[in-house]
Every structure is written in C-alpha cells, then in structure tokens.
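Some structures are shown below for you to check.
Note that subunit A is present in both complexes that follow, paired respectively with subunit B and with subunit C.
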Partner chain A sequence: MNRGTLSTVQLMVMMYFTIVTTAILVVPANTAAAAGTDMWFSPLWALPSGLLSFYAAYRTHCYFPGLTPVQYFPKIMGKFMGKLVGIPYLLILFFMCSLVAREYSEFITGPFLDQTPILVVTGTVMAVCAYAIYKGPVVLGRMSLLFIFPFVGLLLLAVILLYPVMEPRNALPMLEFGIMPSIRASYVAQGWLAEFAFVSNFLPMLPTNSKPLKPMVGSILMVIITLIVVNTLSLFLFSVLNKELNFPFLVALRFISYANFFEHLEAAGMVIWVSTLIVKLSVFYYIVVTNVSDWFGMKDYRPLIVPLGGIVLVTSIFMVPNQETLARVLATAVPFLFLVFFLAVPTLVWWFVALRSRLSSKKAAPS
Partner chain B sequence: MEPNPQDIPIDPKLSVTLPKLKVLFADSSDVVIHPFRVDRSLDGLLVYVENLSDMERLERGVLQPLRGLTREEVLTEGFLEANLPIGKVQAVTKQKEAVMSILSGNPVLFVDGLPYALTLGLASWNQRSIEQSSGENVVRGSQESFVETLATNLSILRRRLRTPNLKTPTVTTGLLAETSLAIAYLQHTATPELVDEVMRRLQAIRFDSLLESGMVEELIQDNPYSPFPQLLSTERPDVVTAHLLEGRVAIFTEGTPFVLIAPGNFFSFMQSPEDYDNAWKGTVSRLIRYLFLIIALLMPAAYVAIVTFHQEMIPTSLLLTIANTREQIPFPVLVEALLMEIMFEALREAGLRLPKQVGSAVSIVGALVIGQAAISAGLVSPPMVMVVAITGIASFMVPHYAMSIPLRMLRFPIMIISGILGLVGFVLAFAVVIIHMLSLTSFGLPYFSLQRTAELEDTLLRTRLNRVQNRTFLSGRLEKHQSMFEKNRSSNNAGKKENGR
Partner chain C sequence: MRKAIRRLLLSFLVITMALCTGGCWNRKEVNTIMIVLGVGIDRLSDNRVEVTVQLYNSTTSGPGGNSGNQGEGSGGGKIQSSTGQTMVISASGTTTYDAVNHLQRKLSRTLFWGHSKTIIFGEQAAKKGIKMDMDFFLRFSQTRERTRVLVGKGTARSYLEARPLVEATSALGIMVLVEQQYGIDRNLKDLAEGLLGESHAVALPLLHFEGGVNGREDIKSLQGCALIHNGFMKSTLDTEKTRGMLWAENHSRWIKMPVSVGEGEFVNLQPLRSTAGFEPSIEKGVWKLEVEIRAELVVLQNASALTLDDPHVIKRVERDANKLIIRDVEKTMSDLQELNVDALQVAQMFHRKYPKEFNKVQKQWDKVFPTIKITAKAECRIARTGMYTNT
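The block that comes next holds the complex of A and B.
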C-alpha cells in the first residue's frame, strides 16, 4: 500500500524530533552523574553510533528499495527465520513506544498536572497521535516542519535569556579524570542516537531519486549540537547539582525573569515540548502499527491503530511503578537494548547482505 | 412534473407544435405565445418570456421585417437567419433546445413548414448594476464587484484579461431547474489536469437546483466534513484575475455574485487584494493578520488555561489585579469565558440578521450586555471582557469570511479542553486542529503547500512585486511560456535598448 511520500527535509526534521524530544529530558541528568564537569562535550562521543546506525539502515535499504526491515528480513534469512527475527523487533518497538508515552506522562504529571490520573494524561496524547497517524505519515512530516521553528526558537531564547546567569567556570576542571568518564557518560546518548535506525521505516517513502545521506547526517549533527547546547546550559547553571534534577532544562526555563513580564517560561516551554513530543510519539506509534501490519502482511495499517494504541497505553502505565524506577531503567537497560537492536543487529544485517551480494556477484561474473 | 420533450425534433407543422407548447406553458402567465401571419397565408409563432427579452427590438427586428417578406422567402432555408436585423440568430432542431432558449430569455420563432426554429439572441432583463463589493472592502484598489448574471460576470473578467488564453467553457447542471455554471482559466497557465478535474467534478453534480456557489463548493470539495473552506469564494473581479494568473480555475455560478476559486490554499485565504497595492508594506499588515488569526483561535483558551492552572506565568502585579476582580465572580473562568463567548456570537448573529433600521439597537444593547453591565452585575470580570473583545476584533481581521467561521467554531472545544487539562489540553487540542489542517487537500493540493521555497515570498511575507510576480502557483508552465515570449521579444528588439528590470 502506498503510504505517501516524504521529502528529505521533512524526514530530516522528523528524525531530529524523534531523537531529541526525549533526549533533552533524559540525557543531561544522566550525563552529569557520570561525567561531572565534562558533561558538556560528552554527547559528542555518541556521534559515531548515530552515524553508524543510520548508515547501516541506509545501506541495507539500498539493497531492498521500497521495503521496511520487517519486510526485508524474510528476504534475507528465509521466510520462517525472517518472521521469527521480526518478533523481538515488534516487542521492543512496543516497549519503546510505551516508554515514550510513559516519559511524557511522568513529565506532565510531575511538574504540571499532579492531580490528573495518568490514564487521562497518556490517553489524551495517544488519541491525538492516533488521529495523526490515521491521517498518514505525510502529516507527520509536515507537522515536524511546522514545529521546528518554535522548538529552535525556544532553545535560542533560553540561551540568550539565560546568558547573564550562566557561570562558565562550572566547566572547570576539565578532563579531571581523563577522557574516560565523559565517554562512559555518553552511554545514554549513544542509545538515543541509535534510534536513527528508525529511518529505515521511512526511507521507502522518499522519492526514488532522492539523496538522503547529507540531510540525515545534518540531522544527526543537529541532534548532537542540541544536546551539547542543553548540556552546556545545564552545566553552566547548576554545575554538579544536575544529577539531582529530573528535568534540568525545565528548571533552567524557570530561572528566566525579564522586565517583570518574561517570567516562568516553563509552561510555555512545556507547550512547545508537548507539540514536538506529539511528533515523536506519533513516529513511534506509527512504526509499531506499520511493523505489525507488515509482519502480518496487511494491506492497510489503519485498522490496527486503536487496538495497538490500547496495548501501548496499558503497557505504558504498568511498565514501571514510579519515576525513580523509570529513571533507572532509562539510565541502564534501555540504552543497551537500543544499542543491540538498532545498532549491532542492523550493522550485522548490513554486513551480511553486503557480503552475500558481493559473493553472488563474483559468482555471477565468471559464468 | 411535466414530461419534458427530450430529444424529440421540432415538427414542421405548426398545428402540432402549438398545442404542445400550450400544454407545456399552461398556467405560465409570463410566457407569451404570439401567433402571426406572413404574406397573409403563412402561419408563424413567436414565443418568449415577458421582460426577459428586449421587447422593442423584438418588434422592430422581427415582427416589422417579417411583414414585408413573401412566403417563398421565409420558407427558403437560411434566409431568415441572414436577413433578420438581429445580431445573433441560431437555428435549433430539438424541442428541448427551443424550450431552454425560451426560458433563458431568447425568443423563439416557429414558422409553419420549417423543420427547425430560430432562437433570437434578444435576452435582456433587469439586473442589479455593478456595485461596490459589500463583503470584501479595500481602501485602495478596484471597487467593483460581480453581479448575479453569469454573462455580465464573464464580461467583467474578460475586460481585465484581454487575452485569447482566457477560456470560459460552460457546464449546465441541475435536475429540476437548470443552472448554468462557467469555469474560467488561462490556457498554458493552469494545468490541464486541474481544469479536467474541475470539469469532471462539476459534471458529476446531481442536484435539483443550485442556488448559490456555496452549494457548488460543498458538492465538489475534497473534504466535505472539514470546517475549513477549501475553495476561495470572492465577489471581487481583481481577486479572481490575480488567482487565474497564478494558474487556478474560477467557477462562476448563475444567480450569485460569489465566484469560487479552486484549489484553495490556506495562505490565499489570508491575502487581501490591498496587500498588493501598498508595496512591501503589505508584509506588515499581513503579519498582523496572521498574529490575530492565532489570537482569534486561541486567546480565550490560553486565558482559561493560564488563569485556572498556571497562575505563576502571569506577572505578579497583573495576577493580583486579576485575582482582585475575580473575587466577586461566582463562576469558574471556563464558565465565565463560555458565557461571554456565546453571548458575543449571539450578538454577531443578531447583528447580521436584523433589518438595518433596528441594527443600532443591537449595538447599544450589545455594548451593555458584554460591557459595563455584565461587569457591574458581577457576572464576569473586566479582564474576561477584554479577552472576548480582542478575540472578536481578531476574528473580523480575517480577509475572507469563510476562514473566520472555523476559527469561531473551533474556539469553543479548545476552550473547554483547556479548562479541563490546562495548557497540556490546550496544546493537544491545538495539535488536533493543526493535524487536521495539514491533512487537508483541495483538488489534491495540500492545504499548506508551498510548491517551492520562493513561494514564501508571497505567503507570510509580501516582498517586492518584481520578486513575487510570475511565481506560478501550480506549474512551471507560465514561466516557460513567459521566457519563450521574452526570448522572442529580445530577438525582435535586437540592437534596441531594452529597459531591463
């Protein structure tokens, strides 16, 4: 079934949102815990894993144009094995989608709607996302292009307005314990950048003659730069306190006070953040729904939106008991899962496919 | 229903035709069936609708000359067409054609022994003169607007676009009473696919009778359930001209001054013809319009959300003022806002429907109801009145009335959700509206489409005219055409000095 077409710019911005929306919540606090004063450049170490996961997805896609991973797995390993390998992918996608929904609800119920039941908080945003993916992924692309302006504007505004209260000396001493702590601290960021492998679900939607390589590398660099900006901002403002804060960037917005008018921008920040989260959650939701429908070989994914959304909603509520557990899971297990499923396995698949095609072409050449 | 004579040919014998016509037009007091005799032996019949034809020219151009003709002359094929002193004479052979011609004002001449009838192009009726447009006003620029007559409207358009490329094919539709529609487009500018699609949709209409272009719009738009308008409707010839030059297609409907333009695009609803008459300064008014578009949709909702849930966002002194005024109010902010907004909508509706003579009464009462009286009665707080007033003004700033309807409509659900979930609900509700708008298409074209980045110069902004010009909205065809034209011109003018821009 034709799911519409995306432009490379739309895909670039959409993937940027897919990574960065929750990364700016999770990364600063986790990086601070391990890297201390070196946290500001630590996301840089995640660049290779971002590039590799994208490149592996891209190259594998070149061998199977027009197909998504769940569709080309059976072509690589045979029908039964392909479907079998697809199952853990479907499960981890469910898990990740629920995780995003849970991160959203924790973010909202914590500082904003502390009386509202979590079911309502998650349910409303899932309903909006269901509507978005019912309208098709093309709408997601257009939406991300529209929301990039307020999001970047918010970041720039925060940097400019917080400039007077920043304390660059917080970054000293630099490299106190050598380079290792900053590399170790980039663990979480590595996991998040491995999500760039999701691009393989959208590459089939690009026009046939498009060149996604440069824009996507640009997107990865944009993510790294955003993370460095947010980390630097948090470091200059809160120094070592960062690891105690759940959402340093949100607290930073609270610091803004100008002319008795620009005060307490965290609610405005939340509005913009929620709009970008709708993009991110919709992307995950869409990937879940389309992967399941592709796995079963369904023609249209739309009948699955509501039932699968229900599963995601319930999972997101029961997956972890409280925010502390969520934070621990996010800092320990989740990046590992991401690195295995979206960096290691796709890279192996790419090598396997490349090797096989080279062998078969050698075999074909003499005959 | 009368059995309409469909493809039956006209009988040469008048003794057959006359009773048929008499049955068909029985009890139609405005249809005149006038028998006469030529050369004292040949019977003839003139059928027309009173006051729909030029009576004077009918007498001078048909009845008088017929007296001087002989029987043989009249019965010679082609003689009458050539010799009647009338500009437009057409022979018709089908009964239905003759009847349609009578009903559209052209008298029909039957002669005993002729196997066809002659329609005489003498249609002329009393019509409204071309007046100033009432819905879309400009300070500077053309003041004329379309009228209810299709032919007059096409002539107004033709006067502005003197090019053989302007094509105006007609479509007739309506099951019970026929309505003439005409589409207008510029050949080589509008894509043939678009023109075909418009024609196809118009021909597919099955409806008793089309009374207004709004009905046509509803029947041919892509998403009939969307609150947002997908076709531009305007009564200004200059707007139609500008859109035709951009490669769109206009649809004229008999009986209404409102012309539809397809495809509609969000940004075209926010353009006022005046933007183009004030050089780049049009950008300023355009940006203000976009700002107030957002205010018209979201301001009450934002106020409700912030005052109910996020008081810390309000500067302290203002918060104290608001708290002070709200002390007396018995309702929550949401109820207060709904009360006032509904009241305002009621006033607006009443103001529209009332006869002009009592109109001022409404404005006096309205000012009292949503003004001082409501505050002193302790029903609403002064800040709320401000919010409602600003929202009201903002919704009047949208240049095309059709675009302000969804704003007014969607304001209420967004307000209610914001009252329940605070700013989270606010952004979720707004996101639904955005998602809906992003998924809209008009004739297959996305609602927010910018065909190229250069198009940005005439959407949010309005840059210098020579940059905006010739940016064909739908295709590169015009540009190709234009460059060919320019090439020819420059080769003709080789050696001559050209004033390039």
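The block that comes next holds the complex of A and C.
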C-alpha cells in the first residue's frame, strides 16, 4: 500500500516534535539531579548519539530504499532470523508507545485534570491519534507544520516573559566537579536523542530524489537547542529546586506574572503542548501499527489501528503503578533501552550491511 | 441511501461534538467553588496546626453585604466575616493537611487555592518549624510558587481577620504592602530555595499591627523580618536592622535617610534606585565579603542651614549619606552573623566563586559564617535637589 509522501521539512519538524515534546518534561529534572549547575549545557553531550542514530538509520536506508527496518531485517539476515530480530523491536515499540501515552496522562492528571479518570484522558487522545494515522502519515507531517509556530512561540514567550526573574548567577560555579557530572547527566537526553532512529520508518516516504541529511541534522540541532533553552530557563529560575520539581517547565510557565493579572499562563501552554504531543503519540502509534503490519506482511495497516491502539491504551495504564515509578523508569531503564535498540543495534546493522556490500563488491570486481 | 446514512452519521457526530465542547466533565463553576485569597498557619498551645483562610464571598457581594460583622458571634465563633466581600474561616488539625481537610468539611463548596496571594505564618508556627507546611504548599498543585510568604507577629489569623485601611481584603492589602517595597519580598519559591540551598536559611518579611485610623481599628504594616534557619524561626530583626537587607536586595525605595549635618540639622534624602554588589574573597585563609551599594538619591527636605546649590556641599552630604548606608549594611550583617542565620545567602556567593574551598566547609557552615569579615562600601549620588535651591 502506498503510504503517501512526506516532504523533508515535514519530516524534520515531525522528528523534532517526536523527541522534544516529552524531553522537555523529562530532561530538566533528571539533568539537574546529576549535573547541578552544569545542567544547562549538558544536553550538548547528547548531540553525537542523536547524529549517530540518525546517520546509521539513514545509511542503512540507502542500501534498502523504500523499505522500513522490519522489512529489510529479513533481507539482511535471512527470513527466519530477520523475523526473530523483529519481535523484540515490536515489543519495545509497543512499550514506548504506551510509555508516551502514560507520560501524557501523568502530565495531564497531575497538575491539571486531577479528578479525570486516566482512561478518559488517554482514551480521548488515542482516539484523535488513531484518526490521524487512519488518514495516513501525511496528516502527521501537516500537523507538525501547523503546530511548530505555536510551540516555538510558546518557548520564546516564556523566555521573554521570564527574563526579568531569571538569575544567570545560578549557573555558577561552572564545572565544579569537572566535566563528568554533565556528561553523566546527559544520559536521559542521550536516550531521547536516540529516538532519531525512528526516521527510518519515514525515509521511504520521502520523494526519491530528496536529500534528508541536512534538514535532519538541523532537526537534531533544533532539539539540542530547545533542550538547552529549557534547561537554562529552569536553572536560572529554580537553581537548587530543579531536582525536586517534577515538571520544571510547567512551573516556569506558571511563574509568569505581570501586573497581577497577566498570569496563569500554564493553561495556554498546556493546550499547545497537548497539540504537539498528539504529533508525538501519533508518530509512535503509527510506527507500532506499520511495523506490526510489515512484520506480518500485510498490505494495509489500517485494520490494525483500533486493536493495537486498545493494547497500547491498556498497557499505558497498567505499565507502572504510579508517577514516581514512571519517573524512576524514565530516568534509569528507558534511556538504556533506547540506546541499545535505537543507537547500538542500528549502528551495528549499518556496519554489517556496509561491510557486506563492500565485500561483495570486491568479490564482484575481479570476475 | 449510502449518502443519507453518511449524512445522518455526520450530523450525529457534529451534535455529540457540540455537546462535548461545553466541557461539562468535572466542570467547576464560580458558584461551586470558594476562592482562597490568603492563608494563615498558626500553632495552637496544644501544638495543633490551625489553618485560617480568607475566602472571596461570591454570595454576599454587593452593597447589601457590606455591613461586615467584625468579631463575635456569627457561625460558632470560628467563622467571621471581615468585610462583606470576604469571609475568614479557620480549622485546626494535627498537620496542615488535617486542618485543611477539616476546613473543607465546614464548607459546602470546594476550596480553590489557585488565586491565593499570601501565606502568613503565625509567630508560634514559625518558631515550631515551617518545613512541613512548606511541603504541603509546594506539593499541592493548586498553590503557586509566586504566592507571597510572610511571618506575622502574634497569630496569622488576626491578620486575615483584620480590616485593611485601603484595599478590599487584607490578603490583597498585605500583598500590596510587599509590592510597595516597605520590606523584603519573599515568595514560596524563595522560601524553598533558601531552606534547600547552601545556607538552609531565609529571611521572611514580618508583619505587625499598628494603631487604627478612621475607625478601622487595625492596620498592618510590614516591619522588619523573621529569620528562619533549617525551617525554624530563630529571631526577628526590627525595621532599622532590616534596612541593610533592603539595601542588599535593591528594595531601597522607602528607606529613611536623614543625613545629619549638624546639631539637630538634617538633609533628608530619598533613594531613587540602588544596586548592590557582593565580592567574596578568600585571602590567606581569611574569608571576606565586601558589599558595595550604589544608590541614586534626591533631596526631599533640607532641614539644615546648608546651602545645597554648592557642589562641594552636595559632595559632603553624599559622603555622610555613604556612611549612613555603610552603617545600615554592616549593622544588619553583624546581626545576622551574631544570630548565625545566613539569610542573605552568603554561602551561595562563596560556593559560586570558591567551589573547592566552600565544599570543604559546607558541613560546618554554621562555624564559618560568623567568622567571615564582612565590610560595606557605599557610593551614592545625589541626582537632584528639588524644585528650589535655597528656601
């Protein structure tokens, strides 16, 4: 089935949202705990893993144009092994999609809709995402372009409005315990940046003559810059409190107050954030659905949307018992899984494929 | 046929969506909530926590409710209305949470804390520790980090019950007092940063009562500050001793500056703006801190024989004004050192400049802080002398 086409700009913005939407919730607090005053530049260390995970996915894609990972795995290691390797991938994708849904519901039910049942909160947004991917990934691309301006506007507005209460002194002392704490603190950001490997699911949809390399590197840089801005904002505002705050950026938004009436801005911020989350969740949802359908070799992925969505919804509710467990999982196990499955494995696959094609071309040359 | 079904389904969808846009799930109308304007925390003699809230009274607003029965009687003694627009109600419990729960149970409407402007700790509550109360307000999603935090001499409840001289409610009145820069300004975030930061200390503005005006028996004024260390109020500083802190925090707008230029003769100055700089240094193991205040002043009254049209005279007044500022700052700093409460976050200043040295003494900061040599420097400029030169 033809899944439609995306432009490189759409893909770029879509991937930006895919990383950044939950990263701005998760990264500041976790970076602050390990890096302290160095938290503001710590996301910079995640740049290599972002670049590598994208580049590995991109180069592998070049050997198998038009195919997604689950489709080219059998071509690399044989049908049986390929399918076998696909299974943990499908599971981890399920897990991650549920994780995103759960992060969303925790963020919405914690500070905002504290009385609303989690099933309603997650169910409604899953329904929207299901409709979006039913209409095809082109919708995701368009949505991304639609939401990028409000999102960037929100960030800029927050920076401008909070400027008077920022304390740049909070960044001192720099490198108090050397460079290591900031590198260690980038662990969570590294994991999130590794999600750039997801681009391999969308590369087949780009026009055949497109050059995604530069825009995607731009997207990675945009993510890093956004994380640095958010971390800096949190540090300048909350210094020692950052590691205690569950959602520093949200608290930063509600710290805005002008003339005692221009305040309570977090509601507007939440609206914009939810719209970007729909992009992120849809991307994950779409990846789950298409990978499963590709694994089974189905022609059309759409019959799978509702059943798989149901599984994701239920998993998201039962995967962790509470907010604290979720935060702990996000800070410890999840980045590791990301780094293994979306950085290490794709890189190995890329090297393997590159090596094999070089060997075979050498073999081919003399004859 | 298909088209008709499709249309029917579509119109059904549109109607359901239209019904949902009302947002009736968990709706909270203004007449189902009670808006909290200010919160007071007290400790009773039996160590129970008493929480007092000032509520916006949406039912009795308007001219009819303006009679405001202050004091005795209404509603079992614990419920009093301070003006027609607001009511004050309190409840006690073993913890803040417990008291808030009891408070809520007295009301038919849900308390809404999102608009609370002030949190006042009574003297006893502050002495017995505010960390647990702080935890409640930080953890609770409705209260905001911008909420002003103060300590009130006597009970916190009395301030919420008091009738403000000008403003509509006393919670608002207190917030405006703080914004006027009569004293220091602290919000929930500052409190948490101070207590969780390097010095574990913070100063909170101190409220007290002053005599009545125009038949309104109580007005509140912002005087001095309460010094909190590790969550417990250790001491208070009066207005005069707090002045140094106001200089250090650029809250100089209403600082009194009568510069004495002779026997009973004063040149009275008003600060326009000021900036404070801090220069920590460690020389041969001696920890030093230099506080430098730069201020811009205007002459409000010349109650002396000096002629102010002479630049040399102005220079002389400036020199004397400098001495006044230096005295203010050094007095406050030496008091803080004597009481061993690092409310100006000197620890943080040293941490930022000398991380290695600081980390060695971080655990014994209580021993180091009183030994720091703190000096003050001032450089003020009299910008204008007013509309007339000599009168």
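As a working rule, the second predicted complex is superposed on the first by the 364 of 367 C-alpha atoms of A that agree within 3 Å, B and C clash if a C-alpha of one lies under 4 Å from a C-alpha of the other, contacts with A are read in each partner's own complex, and residues count from 1 in each chain.
Convention: a residue touches a chain if its C-beta (ideal position, glycine included) is under 8 Å from a C-beta of that chain, and two chains touch if they have at least 3 such contacts.
Only a predicted model underlies this, so the values are computations on that prediction, with no experimental measurement involved.
S.K.: Given the alignment on subunit A, is it a clash or a fit between subunit B and subunit C?
M.R.: These partners clash in the superposed model.
S.K.: Contact-wise, after the overlay, does A:L146 reach subunit B, subunit C, both or neither (first, second, both, neither)?
M.R.: Only subunit B is touched by A:L146; subunit C is not.
S.K.: Using the superposition on chain A described above, determine whether A:P88 touches subunit B (first), subunit C (second), both, or neither.
M.R.: neither
S.K.: Pick one for A:V121: touches subunit B only (first), subunit C only (second), both, or neither.
M.R.: The first partner, subunit B, only.
S.K.: One more residue to check, A:H264. First (subunit B), second (subunit C), both or neither?
M.R.: both
S.K.: Go through the superposed model and pick first if A:P168 touches only subunit B, second if only subunit C, both, or neither.
M.R.: A:P168 sits against neither subunit B nor subunit C.
S.K.: Determine, under the contact definition given at the top, whether A:P111 touches first (subunit B), second (subunit C), both, or neither.
M.R.: second
S.K.: Does subunit B (first) or subunit C (second) touch A:K135, or do both, or does neither?
M.R.: first
S.K.: In the superposed arrangement, which partner chain does A:F238 touch: subunit B (first), subunit C (second), both, or neither?
M.R.: In the superposition, A:F238 contacts subunit C only.
S.K.: Which of these subunit B stretches, 92-100, 218-226, 362-370 or 416-424, gets into subunit C when the structures are overlaid?
M.R.: 416-424
S.K.: Between subunit B and subunit C, which residues of subunit A are contacted by each of them?
M.R.: 112-113, 116, 120, 260, 263-264
S.K.: Which stretch or stretches of subunit A touch subunit B in the complex?
M.R.: Against subunit B, subunit A makes touches at 108, 112-113, 116, 120-121, 124-125, 128, 131-132, 135-136, 138-139, 142-143, 146, 260-261, 263-265, 267-268, 270-271, 274-275, 278.
S.K.: In the complex formed with subunit C, which residues of subunit A make contact?
M.R.: 110-116, 120, 169, 172-173, 176, 237-241, 244, 251, 254-255, 257, 260, 263-264
S.K.: Going by the contact rule set out above, which residues of subunit C touch subunit A in the complex?
M.R.: 25-26, 114, 141, 144-146, 175, 189, 192-193, 196-197, 351-353, 355, 359
S.K.: Help me check something: in the complex, which residues belonging to subunit B touch subunit A?
M.R.: Going through subunit B, the ones touching subunit A are 306, 309-310, 312-313, 315-317, 421-428, 430-432, 434-436, 438-439, 446, 448.
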